[in-house]
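Reading through the structure tokens given below for one structure.
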């Protein structure tokens, strides 16, 4: 029987650009759908993902308590417009689903411009862009439009129509679970509730989908759980329903905005020095690209819930440009031009590298700790570092031997030595093969 | 019954410039008095303070043991001069009490310039200024004069007179105690023994006086104890007499040189990270003005005694220019021109702000720690930071909720979030009002 | 009976330049000898050292197990050359013992240039220099020569001769032990196995020799153990034979490359904050010269063995230019020109200063910890820092009193105050003489 493929092997074999193109294709396919935190748009999105990976879909009835919250009514929309007195659609949901204030209650009314204006939202600083706005927990209605469009509206009698429903139904979310050798889990969470916005967060959703697809082909140490959920209420609902088994989650990442040209940004978990934090920093430090590490703050996406003090899970945030820090954020300019396959490819590679570190991070004990072992007679001496990290590197051998005292995992040895994790891992594996190291199991 | 005024309210209502003018007035009034570590000059000074606040005055007899020291003889002086052979006072105590070496023993003698010179002190680097010198623990006599004056003295027979007494008497110091809700105390200590020097330390004495006056008008959590003492022997005597009750002192500040144009300087307590250290740093960091933080060193004023290893009290130093770091220090140029009301006002405002932080620093527990509570239905969502710190700030709400795990006091949350203490405090109070936080009492 | 001379006294009396000249003389004397990790060259070298200090010489038979290693066969060499067809020695061991690959097995053979070339080693980047190469654990033979020499070799039939022996014998090393008041030891280790290389490590060997000679003249608190050993196998053999008594070693230094113009470099022990690390950093910080502190790494000289995780001894590295960081390293340019007496003198002075700190570093308890003691009546007040560290310095007095709480040794007080160790030590001794401090013995 052939040995199972490991993640490290996968990383060398994978055609990252083909995957990035597929990710971009999925984004393009899901882009037109009008999603919200509940409703059929969310369900249709999950169907698109199911074309690539198996999903377990959960429906949680409106009114279900979830921690301090309650699952809201389900929202669906068929059409929405503002017509002028000539009957022309001057604002048209069919042109962009951003035109409607997300979660708008139904309305069917004729009114003057002055009456309409309090329901109109625009962005004066970017007059060509339509803003994205929501009103989940306050029942109202409204339209979003470009500031130029707003300025051009003449006095008139306007016919306003939002053909939506806000009724008892359910909240939908999906899980893709990949069983590993251990029941210890890595959680990957992405919000899938935003309508026609590509970076935020179709990019995250596509990255999660194709990562799950890739991981299913290899033998992993950890089990992986991918969540496709509505923001905030989704993670709160999931946490409420899985409170008893959160102990399985050893590491986690919230994925958002991973397709834009910005540098990769890692946001630390609330713990600050969790293994996921150290792994992500190690990968970015050795990536040869610019990157940013930011401390945890209680603002952002679903890490706010995973890292609330009562859970305090080791969950960090993986993104490129941060929420609210790029001008296109929450506007119609977050489109298929902003997101590009090469950035998706880069995010995918780094994301995979982080998992590879987690999969391989172990603590060893030097079985020959007094003096250096004689490496020469074991064929482990005289090799020197080459282009590939997989080549045995003499310094890596010495560092692993010196720091394998039970107090340093391989990540710590990589950090202390300044050498890439792969070089350290490879040295440790050769030393273990040679009987010079033994893994410390319980820690 | 109207709720008692809090310190925070006082800070908003107070007319800081009127207070600064009163401080400056008191300094002007006390400036001419010849003070020393004992004697009537010190007592007259306390009478000036008593016009503003109630004082308990202590007289400790000469010879009383105090820790490793002994209370010295009492020194008083009526007149001192050097007359030339024409009978003209060429050095005259009546023109400046700095002219006499403080604690000079009586002398009445005629001598040549050569005999006189070993008893004359001047400052060649500032030839117009009279230095301030003392000889507390070595019985001698002398005169201080400007270097120009010294250089101009011709050969002559000089009549030297110091009409002083050094006899058994007592050491005088005063306390102003303001009872708060708790018996836990904040200690404010200032040396009041220097003669005609304005910044060092009539400024500190005036700041303490008007701070005590202000605090007496509000309801405080802490009790406040203000000490007006002679330097070194005063704090040593006070410590010796109060050793049994030092446990009440939770925080303390030594106030010196708070009226000059230099930046506010905070000198950390020996502990380095005591709550007073964190509070002072927080206030200065958020003050919008330049400032300096210096580590504890065993040189300076009475913090040397409070922070000696056997006591190690959490007492820091609050000043503008540091002792010995401004040219006018311990010279006749430390006068009513160096000290100005606007600097006194700034010191007063910062000093008060530090107390406000200490009064309000608490540790809370988030009662809803799993996930974020739904703020919307409690009216706590959607507010954003405005001009006033008293306005509810959404980020402050999220930080307080996230870090109220029992391990972080509000100061720590302010530090971690980078937000002003007042914003954090206000958010915490609103959350506590809303039933989402509970104070952790014993810590 | 006169009080025994202390190290501090020695430092003031010593003629450092005379010692440096003697060190340089010893280096010149030992330079021509062909040393290796075993053999008569090593023994002859020890004889040269014995002219200055008493040595205990150990012979460990080939084949003896030593930790994970085995003592190798003994190597000796009488002559080696390559002759051209005219019988001229074109490579000649008698001109430089670097010409022979150290540990070459015997060979006697005629061959073409093409056959010879795989056995020739040169340094193209420094075409005038002969490289130093070894083959301790792989039985082969070779010659080292300048690249210019190599390039000039014509096609010819070459007569190759290495008149060496590699046979059962023994590994030689030596110890010089100086008994101090206590059995606690300071270990000084230097490798003495390199042939004609001056900085690496005749300089270290000369420094150790003359340091041992100097220390034998004073009364020390610690015992001192100097090791003259072959690199790697020597320290491994010594550790194996002394494993039971390693607990005596309180501090240690590996000395290498101490005679070149580079800045003094201290390489921290694996512990990183051992007393030896703090002492060395303190000395270098107060030396008034440029210096470098580098963290421990498992590459270098015998600190690799002393600091292996199973021993983890507090042993640092003392050097000027680091191994491998100066171009002359392991070439014929590491000669009597590279090493100069003035650098040896500087190394000697710093080395001695480190021992002086270790000898005098103590922890005291302030017997009068409440308030400052009255220094005036004890004659300890009013002194101020002068040119000499041996003069009583008022700030040093205050720092020692304030920090002598049992948690700070004198090194920590020097670090915290920023004052030189000698000033702190002198103040502590005066305070102890005055009954104000008591040494904390067990810690």
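Per-chain numbering from 1; labels A, B and C assigned in written order.
We adopt the following convention: a contact is a pair of C-beta atoms (placed from the backbone, for glycine too) under 8 Å apart; a residue touches a chain by one contact, two chains touch by 3 or more.
Because the structure is a prediction, the values reported are computed rather than measured.
Chains that count as touching both subunit A and subunit C, per the definition above, are B. By the residue-number overlap criterion, the interface of subunit B with subunit C counts as different, with under half of its numbers used by both chains.
Each chain gets one centre point, the mean of its Cα atoms, and the points for subunit B and subunit C are 55 Å apart. The set of subunit A residues touching two or more other chains is empty.
Contacts from subunit A toward subunit C in the complex involve residues 366, 368-374, 376-377, 395, 398-399, 401-405, 417.
Residues 67-70, 137-138, 232, 235-236, 239-240, 243, 270, 297-299, 304-305, 307-312 of subunit C are the ones touching subunit A in the complex.
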